[in-house]
Amino acid sequence: MIEVTDLETCFSTGFIRRRVVRAVDGVSFRIEEGETLGLVGESGCGKTTLGRSILRLVEPDRGRIVVDGTDVTALSRSELRCFRPRMQMIFQDAYTSLNPRMRVRESVAEPLKIHRMGSRTDIDRRVRELIEEVGLNEEHLNRRPYELSGGQNQRVVLARVLALKPRFLVADEPTSALDVSVQAQILNLIRDLGHDYRMTCLYISHDLGVTRAMSSRVAVMLEGRIVEIGRTADVLDRPSHPYTRRLVDASLTGPCASLERLPLPAAPTTVEVRSGHWVEETV
Amino acid sequence: MHKKIVLAASLGIVFAYCAVALLAPVIAPYDPHAITGAPLSPPDRDHLLGTNDLAQDIFSGLIWGTRATLLLGFVGAAIAVTVGTAAGIVSGYYGGLIDEAVMRLLDVAMTIPIFPLLLILTTFFRPGIYLIAVLMGLLGSFQGVRLIRSQVLSLAVADFVVGTRALGAGDGYIMARHILPGVLPLAGVKFVTSAQHFMLIGIGLGFLGITDPSVVDWGQMINRASQNGAMILGLWWWLIPPGLAVTLISLALAWLGYACEDEINPRLRVMRV
Amino acid sequence: MTGDALLEIRGLKVGFPTPEGLVRASDTVDLEIYPRETLGLIGETGSGKTVLGMAILRLLQPNTIIEGEIRYRGRDLLSLPEAEMQRVRGREIGIVLQNSGTSLNPVYTVGTQIAEAVILHQGLSGPDARQRAVELLDAVGIPDPVRMAGEYPHRFSGGMRERALIATALACRPNLLIADEPTKGLDAVTKRGIVDLFSEIDRDHSVLFITHDIETAGDLATRVAVMYAGEIVEIGGAEEVLGDPAHPYTRGLLASLPERGMQPIPGSAPSLITLPSGCRFSPRCGCAVENCSREHPGLVEVGSGHYARCMLYD
Amino acid sequence: MNGIYLLKRLITSFAAFCIAVTIMFALLRLMPGDYITMYLEAIYRYAPPDVVEAFNRVYGLDRPILEQYVIYLLDAFRGNWGYSFIYKVPVIAVIGEKLVWTLIILFPATILATLAGIGIGAYSGWRRGSKADVGLLNGMIFIRAIPSYWLALMILIIFAYYLNLFPLGGYVDTSALATGIDPLDVANHAVLPILTLFLFSVTGTYYLMRNTMLMTAGEDYITTARAKGLDELTILRKHALKNAMLPMVTLITFECAGMITGSIFVETIFSWPGLGMLTYKALAARDLPLLQGILLIDTLFVIAANIAADLIYPLVDPRVQVGDDA
């Protein structure tokens, strides 16, 4: 369903003295139809950039991305715009993901209007359907983001994204700004709707508990590279890469052996330690 | 409460000026250029504010002068804000080389002092009032570009903009529907403060003798009065009214601008507990 | 145990006047903190936990309405003159504020900012105070403390800034340390480091550890208080409260953790302006009976030193 | 220090100067009639055609326009800014003489306005919402709204005409003809112009200082400082003021450019013999070479102020190394 090959995204800062930061550094992976791949790593490891690069919200410098049989990297700008409904994204902070000046009704109707999906009454009906699907009701349609709680805003974001019936969803820490009691509501909602809409999902998080609950496979990212990937239980219960071990240790209670910065090999090779469980070799 | 009164008063003054400008031919008792009686006569029933050294009716001059003042302020501000907003949005939204080019251009433009340049250009072109307004608007748009651009920069990377792009919206749609509404309040404040600024500058130009001979302007009136000894002779009706008229509209716009700024940036708000 | 508490809060009410109405951020809170204990204060967004911490040091906005008593070693902090309160801040009670990213002044070096408190309260000379700052940075686990003391905050990573703030708060060896969400926004590894730091730093003082993170509170606290909508709904020993929670809200909170089944609490927290009548949790509570929405329950002892604010135990 | 950044600044300044010169060159070329004819008429009241031709040859006005432009540009950099129509001496000499007089009032007014604006603005912002703050704010908005020429006139009427405290204008008393220029006498004449320029400038500084102070007062590090047990005055002085100073540096440079504008009106009304008065006279006589010179000297003023700000900024804010794009 999703195939990412050798993806590389760099940022350059400064106009005259350019400094290049390689945020995503040669990443390859596949996500099967209907599957959720978890992506974990510390802040600044490049996981957000990876998510945005796959949707070409940030232009990758190198590599190939195939979504649902279409080579996204080869699309022209206008082709890309038409293809966008098939792949969507939700962000960490629901409040900033919605235009503060727009009412919920306008925000949810916006994708339908952009892609001219139906007449005005069709759109109106669809908006009402969607808002109920995400567990809100018609009353909320006339509110603005600041009149809703964080959880309710994230529901609106979901409704807006689902309006396009995407095949692929990148969820970038959608619950890390929420309280646990609300987080559980949203996580359940994403899981259920993902199932109903038969979505393939890349679930980015730094919380191993959430990742375990949401994804069947997990990829561990460190300094722009995927250092370990495999079935969630395999990777998190029997981590093979020292960095994964450190992540797992940190999330457990009780004392943990703190690791110094890991020396990374210049030309990494990846080995399969178990079926479908790949690990980058360390020096 | 106090704030609302001030706001209402300033709006009232602005509207009153607009009304006077529109109805000038009806309100003004005389043609402001016509000789209407004895020169330098003090206020009386025929001449509410007396006459000047050319025996022109000062009250009528004051009424007709409203037109030039408002025109200079509002036309200039409209041009400055439109140019500033458009350039600021394009520069901030697209970023990259376009932005870099606009910013470097601004750096250069803002190093050249605007007022002396305006003086030279207006002197040279022997200006009509519209030309003065346009020149002021164009030269005054640079600051607006900076202001709007910096706001656009933060809007352009906001999640809701990235999210809308992910929905498949084009750049034009995003700029019109998400970026422009976001900067409009700021542009509105800029319009009010620019209008005030341009009125002061426009009348200042008149004071320095740069003026459209076909219109009456208050700057010219003040200049004439102060250069011809109105102060020494104690002819207050000649010197004081045009200055008060500018000050009043300027004050009204300043208050209006402040109230608007207060509205869009609550951190500047003065708490009245 | 009342007499020997280091800090005793009685009937604390904190309200913020807003155009929409009075926000009752904290409502009749009673709390004691004993010497050398770590009290974990758990609560979600808008439960009033941060306000409680700030109220102790009187760091809230001047127009805040505060009622009740906050007794520190017998003295009521709320009625102290401002000058005396300044001697309590930093010296007797230290605080680590939320948002470590913006809590250090960007134009001074970290060393200078730590030394400032030492010079003020302990009368050390400049060089001695700087030496002390370096020692403190070393103690909170900042590598190369001599060099880092001379660096500006923007050169510190998130975790390092949090450590520097902890060092600032500990600089004058206060008897009570209030830590407001020191692990918020940090990723797992960095968070772990901060939690470990809190369990290692010297144990001569008490800690009020404010957090929304139940697991972190469980790791560090000897006693735990749970806040909901401005009230303490459950308080007791950490093992009792988190191992065998009595209040339905605490139970719901634990059950909603991804590791424990991810069972959400329905609905969302009430607005602090229009609070529900009766038990504030009743609209979301699975065990609510008719009476719950009418009568406001008090704290009931459900075990030794373990109290819950719930009708179930009346 | 980042050399590349300074280089960029120099290039920008260079470009600005060139553009200012180019505008003047274009205007002089576009001017109706012949430059030399007009020039000679201005100086000698008539212009014999053969003399005009000779001048055109000597000054290269018969050469291709591009070549003329290059010569013009080079001359501008050499300080050869032409001859003033009205004074009939090199523009740069006139400007040099008048600049001193302008600086006599501009310098104290700017320093005073900056210091007072920072002080009052900081106080006002720190005590936000207090009676003092509201009063100061309203007063400043009021002063700011009064046009500078009007303000100057009113000050002249009140202090010089009615109260008779200061002279009505000029820079020395008539007795100076006999006794020579007395610095005290000049100072006495300078008081009102300085006061006007001060009022004209102080509001901007105040306004920005108050705004940045309001922002700063809500910052978390101010709460941290309070939590350390520092008293309010120390927090204001050590923590708030230094941070709030950052935008001030930029403002003050803008203010410098604005002050020259202000001085045109103030000097005209007080008959102060500086650059502003010169501008007024040049405008009245349509003395384009002189106006060009004034534009160029103002441009140099702004360039100098900008470079000064660039150098000061990193001293105030450690996060800014010269070279960060703002």
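As written, the chain order gives the labels A, B, C and D, with residue 1 at the start of each chain.
Here, a contact is a pair of C-beta atoms (placed from the backbone, for glycine too) under 8 Å apart; a residue touches a chain by one contact, two chains touch by 3 or more.
Since we're looking at a predicted model, the values are computed, not measured.
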Labels of chains that are neighbours to chain A and to chain D: B, C
Inter-chain pair with the most contacting C-beta pairs: B-D
Inter-chain centre distance, chain A versus chain B - centres from mean C-alpha coordinates, in Å: 49
Chain A and chain C, separation of their C-alpha mean positions in angstrom: 33
Inter-chain centre distance, chain C versus chain D - centres from mean C-alpha coordinates, in Å: 54
Touching two or more other chains - residues of chain D: none
Chain A, residues touching no fewer than two other chains: 15
Residues within chain B bordering two or more other chains: 271, 273
Chain B-facing residues of chain A, complex: 15, 52, 55, 57, 81-85, 87-93, 96-101, 110-111, 114-115, 157, 160, 164
Chain C residues within the chain A interface of the complex: 44-45, 158, 186-193, 196, 212, 214-215, 218-219, 252-253, 256-259, 262-266, 268-269
Chain C-facing residues of chain A, complex: 42-43, 149-152, 179-185, 187-188, 206-210, 212-213, 246-247, 249-251, 253, 255-256, 258
Residues of chain B that touch chain D when the two form their complex: 104, 107-109, 111-113, 115-117, 119-121, 123-124, 196, 200, 203-204, 207-210, 219, 222, 226, 231-232, 239, 243, 246-247, 250-251, 253-255, 258, 267-268, 270-273
Of all residues in chain D, those that touch chain C in their complex: 219-221, 223-231, 239, 242-243, 316-319
